[in-house]
Amino acid sequence: MTGALPGVAPMAVPPGAFLVVATLLFAIGLAGALLKRNALSIFLSIELMLNAVNLLFLTYARMRGDLAGQMIVFFVIAVAAAEAAVGLAIFVALFRTHRTVDVDKIALLKW
Amino acid sequence: MSPALATALEGTAKIAFVWGVVLGAVLPNLIWVERRMAGLIQDRPGPNRVGPFGLLQAIADILKMFMKEDVVPMYADRLLHTIAPLILLVPAMTTFAVIPFGSSIYLFDRDIPLVIADVNIGILYVFALTSIGIYGLVLAGWASNNKFALLGGLRSSAQVISYELAMGIAAIAVFLAAGSLRLTKVVEYQASGTFLGFLPLWNCFPQALGCMIFVVSAFAETNRLPFDLPEAEAELVAGYHTEYSAFRFGMFFMAEYLNLIAASAMMATLYFGGWSLPGLHPTGILGGVISIAVFAAKTGFFIFLFIWVRWTLPRFRFDQLMNLGWKVFLPLALLNLIVTGALVLWGVV
Amino acid sequence: MKQLWLIPALPLAGFLLNGLVALVASSMRAEKESGADHPGVPLPYAQRLFHGVVGVGSVGLAAVLSFAALVPYALGSMHAPEGLAPIVQKVYTWMAAGDYTVDVAFRLDTLSALMLSFVTLVGTLIHVYSVGYMQKEEGYGRYFSYLNLFMFAMLTLVLADSLPLLFVGWEGVGLCSYLLIGYYYDKDFAVAAGKKAFIANRVGDFGMVLGIFGVFALFGTADFSFVELAKRQVLAGNAPLGVYAVCLLLFLGACGKSAQGPLYVWLPDAMAGPTPVSALIHAATMVTAGVYLIARCSALFVLAPDALTLVAWIGAGTAIFAATIGLAQNDIKKVLAYSTVSQLGYMFLACGVGAFGAGMFHVFTHSFFKACLFLGSGSVIHAMHHEQDMRKMGGLAGRIPQTFRTMLVATLAIAGIFPLAGFFSKDMILGSAAASGHWVLYLVGLFTAGLTAFYMFRLVSMTFFGAPRGHAEHAHESPATMTVPLWILAAFSVVAGAVGIPAILGGTDAVGRFLEPSVAHPPIGEMAHGLEIGLMLLSLGVAVTGLAWAWRWYGRAAGPVEAVSPQAHAFYEKTGALGRLVANRWNVDEGIEALVLSPFRKIGTFLWRGFDALFIDGIANASAFLVELLGDLLRFFTTGHVRNYALAFTLGFAALVAYVWMS
Amino acid sequence: MPALSGELVVFGFASFLALAFALLMVVQKTPVRSVLSLVVTFFGLSVLAILLAAPFIAALQIFVYAGAILVLFLFVIMLLNLKEETADKDDRPVQRTLGLLVALALGGLLAGATLRAPVPPRGALTGTRIPMPDEIPALGRLLFSDYLFAFEVLSLLLLVAAVGALLLSKRRFE
């Protein structure tokens, strides 16, 4: 624990708590990604995982009193935006050809 | 009295004041004003039966809404259908938290800044709330399980998101000049000096273009004519609130007016010097009151503008709207940003 | 003159201009009329004019500049006791390796001055001649751009101040010769000839490059300051052997470029190119580069007498060998080609016996009369509508008189008739051969002189005398652009000898003294004046004999108008089996085919069929097969279900985290 | 000290909100509702971000994530008009159970690992401390100095993504 940084108020909440929350969120997102069949829901779960990681970054940034973590979160969010745009476009195209976004019904990669 | 408690009290007082004024005083009269204005512009008397000059018309309307039956369509998504108006209403009401409605007032031997929460992300907060507001419209459209409503919802989301861009970029220029996201800082900056020696340093002068974009985008953001496509009667019956009645409809109604007021306040704050007036240096209680009055006047002017435009201009077509947003305003906003950057760089503003 | 670099730069500019215009124009043409080149369709006049002006102009200007540069220098060095110091102008640093740098620097000394004089002069004349000769060609622009490029390379070669830069020019001229031999790229024999020339030159260049490295190894530098070092015998490393090896390697390069020894084979075939090209590249300038190289490095060669002797013998051998082949050729250009080879042999003979000055002198004179002869033959071919077989000519003397007269002059010159240029140069060579005591070489040279006179006059007789055969009767004279250069060259082949009149004939061996500063002049034994005079008369007599003989066999005889005339066979009838062998060019090409090429082809076939196809491909196919098997195995895991992939991925990740956790 | 306890309360509430609605999102069958639950989760996250002295990120979380990205999701869902997740039962029990197990296992592992992981000393990456309370200018300065290249690349990426999305969602490729 970093203790009172100059210019940073001491953390009232133990950072470990944040970390646990973040990892739990990550696990939930992962479960969603593995269990859901609707491509969009899977995508949502992945977004959740991203945010869990963001939370980790923020926590460490706070613990180290270092802006780098927040910077990375900023970039993650921007990249997520790009990813969402392309991903959703892919789903739309997919739906147009298969009339469904159920990933179990779309198994083109089979041999 | 412990400082923490004092702070809490102070905050509560301010919230009470703002909401009191907005919900209690401005909102009802606004309904009346709008309809009277409509009458004026359309060369007819407008509501003039209930009370003197029909001043109590608003009360009557509200009562009527609460009396009516609250209908939920059979195949609607009940939950969402219920909460949609709230999702729209709450952000509209919380927007005011960051807007400085006056300089500061000296009471109970403490200097009280006249803003509920002077957060350092100021404008971002406002934009965040606006973007939440979208959900209200979209969900209302979706939950009603009605194609007109759905179309209205989709339109609104598309429209609001598109214009948020232009609006945001225009606003960035403002903070570039002020050097902070805090709205109080923005106001202080505008009160601080003069532009080209004879004009007040209000952003509307150096950033006339940005101001114009912001104002027009605000119309789109609040779904007001000429951009009220989500509820375009002629095409979509009543758009996203087709399936709403009684006080839920009333909430949409309220939300629209609140957004209108908030938008006016934002314009006044960002581009027209907020509570400041050239040569006015408010001090003490009186100063505070005067500054509030100035702010109210400016806001009032923009509210008036909103109404005026609504009853004057015809409605856009959706594709026209989108073209305007993406192909005209966005580039112009960027241009404005660049120009402002140059001005700041060369110390003109 | 301050900017030597301008001299090569001008033709380069010409090349770029001509090349670009030609390219653009031809592509435009291709668009307009579908199909790239249209045989026989001459270019629009404006374009021809452009190419002509640029082509001739750039080279002409270069010639003017070079004379502006070399005349003052030459005069200066004539009057200076020790000759002037060479002018060396550095343009920029080309390569820098550690503390050793190779500069692009140009050098003007008496040797390069001599070369420069006739290269630019003959070059310009031949450009002018080409304007008329190539008129009907649709590849006009291409031709002139190549020709300019050649001039650029040749001038670089001549003016270079270092072996690497010289090598650039060396390869440049090789490339241009390849391009121009293959100028008629739609004719198979032309393309084949181009390849042959290129490959034969590669063999030489291999020696050349190694030689350059060797020079660097010996002297620690490759620019011509090493000549000075060699004169002062400042050597690094194992001198005698090293010098010997380097000399042989350089000589190999020279043989490649100057068609000596077995490497001569490309030159006769090179006649497939347009005649002016043969005149410029394969007679006057490029092929003499080998001699120039030897003369440049003379100081080095002097250190390896055995190598010099070898040079002499190979030169003499080539001379007589080529001359004998020349006797029996019926293609007018082939005769000239073999004559060129044999003349080059003379030059190497001279260098070999240590008379580098004499060699360069012959290079100088030879360039004029041989160019004149080629251009004349070109004019004849032009008049005969691209008929090159002398058996179908005859009786042209009256029909194309100017060509006849100029060619006659040049023939006499090359035959070595007093007082034409050829006499002096050839006699200087023979004289120095005798003086150096190589009497065998002398006799070979003498006999070759006789042969030269014979086949040259045979050519003249078969072409111009007797009754017209084939289409000879409707031959007509060529335009002025072609005849004027002929006259100029003829004039030079008369007077060019003047610069080398030996002291014994009251002259001052000008060229020898002129070259002294820049080429080595090892002591050659003196001869009694009487003997010297005698030898001169002897060679003169031999030459006259040759002429007379040729006249007897070919001159008077007239033949039927039908193509093949008795004279064509005359040589065989009169010389029997030997003649037949000679007519088959001593079966050299067949020999090379049998001894060198076919074994190589066999080895190649084996490596292809046996090694590559079975072994290498076998490995590749086997590995591919393995991969395929693996794929068949793995594909059962690809269910195509995204979630399975995700699950597997996650499992792996979990395992990883667990591992990190444990450790 | 009341502020501290207050902070704790806020933390507890926010994290509960985030976790609960995250779970809801996963078990939810209707895509629209999953999106909404995720929105609520993001609210919780942004509150946590504020607790972590990152108000700017918090705002972005709402403004960009909830306000733009998730609206886009909603938009697409409505466009494709996806009601219930396909009714027929999940025919991959192995995948189902295994997936759940792996997710839980990995979650536990990660939690443990993160708790055990040492915090690198401040300034190990960059020396910039968080200047409370107004850190936004500092962020900006950092973004346009140390992270300029990444920033430019990012802008390029966004452009490419926009073009790609447009191309993908075109009906026919002319």
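A, B, C and D label the chains in the order they appear, each numbered from 1.
Operating definition for what follows: a residue touches a chain if its C-beta (ideal position, glycine included) is under 8 Å from a C-beta of that chain, and two chains touch if they have at least 3 such contacts.
Being a predicted model, the structure only gives us computed values, none of them experimental.
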Exercise for review: Hop across touching chains from chain B and tell me the fewest hops that reach chain D.
Suggested key: 1
Review point. Using CA atom averages as chain centres, what separation in Å is found between chain B and chain C?
Key: 91
Point to revise | Euclidean distance of C-alpha centroids - chain A vs chain B, Å | key: 33
Revision key, fill the gap. Cα centroid separation, chain C vs chain D, in Å, comes to 78
Revision key, fill the gap. Taking each chain's mean CA coordinate, chain A and chain C are separated, in whole Å, by 76
Revision key, fill the gap. Residues in chain B with touches to at least two other chains are numbered none
Review point. Could you say which residues in chain C touch two or more other chains, in rising order?
Key: 641, 643, 647, 650
**Study point:** Residues of chain A engaged with two or more neighbouring chains
**Key:** 30, 34, 37, 104
Exercise for review: Would you identify the shape of the chain contact graph, picking one of line, ring, star, complete or other?
Suggested key: other
Exercise for review: Pull out all the chain pairs that touch, please.
Suggested key: A-C, A-D, B-D, C-D
Exercise for review: Within their complex, state which residues of chain D touch chain C.
Suggested key: 92, 95, 98-99, 102-103, 105-106, 109-110, 112-113, 116
Check your understanding: Which residues of chain C touch chain D in the complex?
Key -> 641, 643-644, 647, 650-651, 653-654, 657-658, 660-661
Review point. Given the complex with chain A, which residues does chain D contribute to the contact?
Key: 3-5, 7-8, 11, 15, 18-19, 22-23, 25-26, 31, 34-35, 38, 41-42, 45, 48-49, 51-54, 56-57, 60-61, 64-65, 68-70, 72-73, 76-77, 79-80, 82, 85-86, 90-92, 95-96, 99-100, 102-104, 106-108, 110-111, 114-115, 119-126, 128-132, 135, 138-139, 142-143, 146-147, 150, 154, 157-158, 160-162, 164-166, 168-169, 171
Study note, to complete from the structure: In their shared complex, chain A is touched by residues of chain C numbered 635-636, 638-643, 646-647, 650
**Study point:** Sites on chain B touched by chain D in the complex
**Key:** 4, 77, 80, 119-121, 124-125, 127-128, 130-132, 134-135, 138-139, 141-142, 150, 153-154, 157-158, 161, 164, 179-182
